[in-house]
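Two complexes come next, and they have one chain in common, chain A, joined by chain B in the first and chain C in the second.
And now, the complex of A and B:
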């Protein structure tokens, strides 16, 4: 009965005729709606398999670059959470670990962090923070949280680059103050960026409890960057 | 594939009107008895029958091929009809079975929901518990309440790790067999978990009313005092200051833990054993953390002053005989003065 009424009104104002439609109570308004998606799925599968390697790499790099921009200018957006990926954190972690190498084979002064140490600190720290935020009642998934924490290491990686450049000059207290200033700014930036993404997923009165371990995590990384001296 | 099996038994698609009647009888593959009966019934001449039979078979093959071709077009992966379906079903079943097993194992071992009730805290609660951990309560007549949560203790252990790392870096501690981070984490977590377990075991022997979770929480909050002391004294290298803080702050947090344990234990011997052990271990840990991880600072101070003179030494020194008598006392005096100065500085 409903279909008949609708088909009669072929005017441009389609919804004008709906005002006088009444559905009697004894007609059950139910049924199934099936949307054929098979053909679309088939298309999607073959398109990413058959494209060239360059296309795949450029697409992934663009996605990583877009997320870097989101970290540098933190706004309340869902991009990092929605399409999470772990390429960015991996690139950043490897870069940071490589730059923190002392490059000396001097076994006596082996107090600097090794590559594996930085790697383990970053990844196990991120896993611990994720578990903590989940246990506190957060509704963020495991990999989304890893993604956000990994991407927010970007400011600290930039601080590491600056510190390495500054260390090329002559050492002294001025040198140290410049590095300290840069690291503190980048540390604050990292925390602000990660809070902007993670805070929404926590219950409102427990945000501080979830942010404190993030603070500790970035503090440890900042400390490793600040006390780095190439010998 | 075409099945040229029993003559009329195979007629599924190409059954004409005269065979249509008994088609439902031979659905399951048919038996020879029924076929022979029907063949006899329909026509007289066997030669005509054979002609029709061959016609039917050829039509069957054509139809079966057409059907197979249709099915192939309909196949997603393009595998040949029946075999493709079978292998796909087997693969599908294996995938489902594997997925089920993996998800069962995951939900059994990685179920962090077991720990969820221990993290159910508010920031205000954590703050008040941190402050209370420094205030010993005198009332020991009935058991004092211990909050069984793990968030505060865990965060305090991590904070201690960070402070320890800061202290080791400042003093340029050299760890030979291992890494700085590994040492810091191992020390702090080892102390928290190990001493908790040991005291829990002693509490079991002394019949004290305390659970493992409560012991972990109690000792974890007791590390708050350690964090404060180390944070201050790793930055201000005065030994007198350290001893003062050790007694004051460390003593307060130890007294609090001792008071809680005393309130939960009956009997003087048991109380003495349990509380004595805890107090000793807690205070000695703070001493250890301070001296083991930044003693190299003294070495740096020494090298800035002059040649490396050990602070306490009772080695007989050879007095050079060639020196004139007048200069001897001054040489000895200078060396003694320097040694005394260094000793004063390091203590």
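And now, the complex of A and C:
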């Protein structure tokens, strides 16, 4: 409820026509001004600062999970592109780098990648591919492209998990064949998923030029997963 | 002021008649692109080489020069400036790769394929692919050579990727820079007809490295003779592409300097391939020697454990 008191001075030499309209000082004008609000505005009105931490985390986790589902079952939808976020790629990249790194107690001889090397390869690779796509004239925004490329590492992270489990068994050619098969399948899945999202943003005569670096990127990550040897 | 008469179209007749009427007037004759303008006087006739006609006298190339000059107008701090270097279509990239694989004698790679539209897509991604091809093939070949040895623990040598990247990108950028600087310096002393821009040289070098990608993959085969044959073939192809590209640029120069330039270009190319072969790929015979001098009980141990 809002109350306003209006007072207006009568200035006949300026507003000649209004001379007969005068509001005396001691008559307050009051009333109620209500603005019909939609219920959605009231949510933002309370602002996400006031909600519980659990709400915030669950909302972000649900968004990430929904995008994971979109990657696993790639359809031509805009969800990944519209509401991009970089939480998913960060989680995936950290998981992958943790699993791929060599232990710190190892000697110089073990030449596997360090955590930082994997991290740098993933992020700089994604940035380079995004820059390449934009330079070729694609109409996708920088972070949308990073989001898609990061989320499509999900199949390869799953392949890494499977490989680590398989490596717990005894080594041998069968072991290697199983890992090779899993990595190839997941590599193809990553390519298909990312192409489904990224290919439409390029002009048609340059699609192959934009997709090839994505292929190279996931190939290198697959290679790192395949050649991972435990200590 | 222009009168009505001045606005009417006029027939000027043949160039010969107008030249006869006014010998000082300059006339421009535009022929069909199919004909080479053999009646143009000048130093070209003295040399009598067909390449120069193809290089300079072609109307088509003049048009592309004009168009290219209109393209790059954005200042270098805008994104659009760099987009002009990626203004290629898929089929153009394929054509350029094909041109680097099949050097036709007499045809200049830059004139035929690049045509004042040098791109950075090809050089950058060919170098990136080559880096990973060499690193992965090196690891694979070492793994296959040492396969069966119980004492050998396979490690994916990741630092080789960084070393390979440094070597290849340095070669693909610094050598063109040096060559361009050298050509500019010679150009100031001897007037060369053909001169290349820095980006065109980078383009040629980048695409000439493409042949090394299948070569690196085939280097996995652990036979020394096979590897050296591959080196020779790759060097012949990419060396000839480079030589035929740069020969017109140094031809007017002192004979010795021209030859020295071409020899240096090919030599550096050979150095790159031989260096990569030596560093990333273990020699097969050495390890066979080791396994043969070791006691046969090692193979027995391997057989027991598998």
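Criterion: the second predicted complex is superposed on the first by the 184 of 231 C-alpha atoms of A that agree within 3 Å, B and C clash if a C-alpha of one lies under 4 Å from a C-alpha of the other, contacts with A are read in each partner's own complex, and residues count from 1 in each chain.
Following the convention adopted for this analysis, a contact is a pair of C-beta atoms (placed from the backbone, for glycine too) under 8 Å apart; a residue touches a chain by one contact, two chains touch by 3 or more.
These numbers were taken from a predicted model, which means no experiment stands behind them.
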(message) Let's test your reading of the overlay: on chain A, do chain B and chain C clash or fit side by side?
(response) clash
(message) Looking at A:209 after the superposition, I want to know if it touches chain B, chain C, both of them or none. Which is it: first, second, both, neither?
(response) both
(message) Quick one: is A:117 in contact with chain B, with chain C, with both, or with neither? Answer first, second, both or neither.
(response) both
(message) Looking at A:175, would you say it contacts chain B, chain C, both, or neither? Reply first, second, both or neither.
(response) neither
(message) I'd like to know which partner A:220 touches here: chain B for first, chain C for second, both or neither.
(response) both
(request) Please indicate which partner A:101 is in contact with in the superposed arrangement: first for chain B, second for chain C, both, or neither. (result) neither
(message) A:132 in the overlay: touching chain B, chain C, both, or neither? Say first, second, both or neither.
(response) both
(request) In the superposed model, identify the part of chain C that clashes with chain B, out of 5-13, 23-31 or 275-283. (result) 275-283
(request) Indicate the residue numbers of chain A shared between its chain B interface and its chain C interface, in ascending order. (result) 109-111, 113-114, 117, 132, 134-137, 205-206, 208-209, 212-213, 216, 219-220, 223, 227
(message) Show me the residue ranges of chain A that touch chain C in the complex, using the header's touch definition.
(response) 109-114, 117, 132, 134-137, 172, 205-209, 212-213, 216, 219-220, 223-224, 227-229
(request) Could you please specify the touching residues of chain C with respect to chain A in the complex? (result) 79, 82-83, 85-86, 88-91, 93, 121, 124-125, 128-129, 132, 136, 139, 153-160, 306
(message) Quick check on the complex: what are the chain A residues that touch chain B?
(response) 42, 108-111, 113-114, 117, 120-121, 131-132, 134-137, 205-206, 208-209, 212-213, 216, 219-220, 223, 227
(message) Help me check something: in the complex, which residues belonging to chain B touch chain A?
(response) 76, 112, 115-116, 118-123, 126, 151, 154-155, 158-159, 162, 165-166, 169, 172-176, 179-182
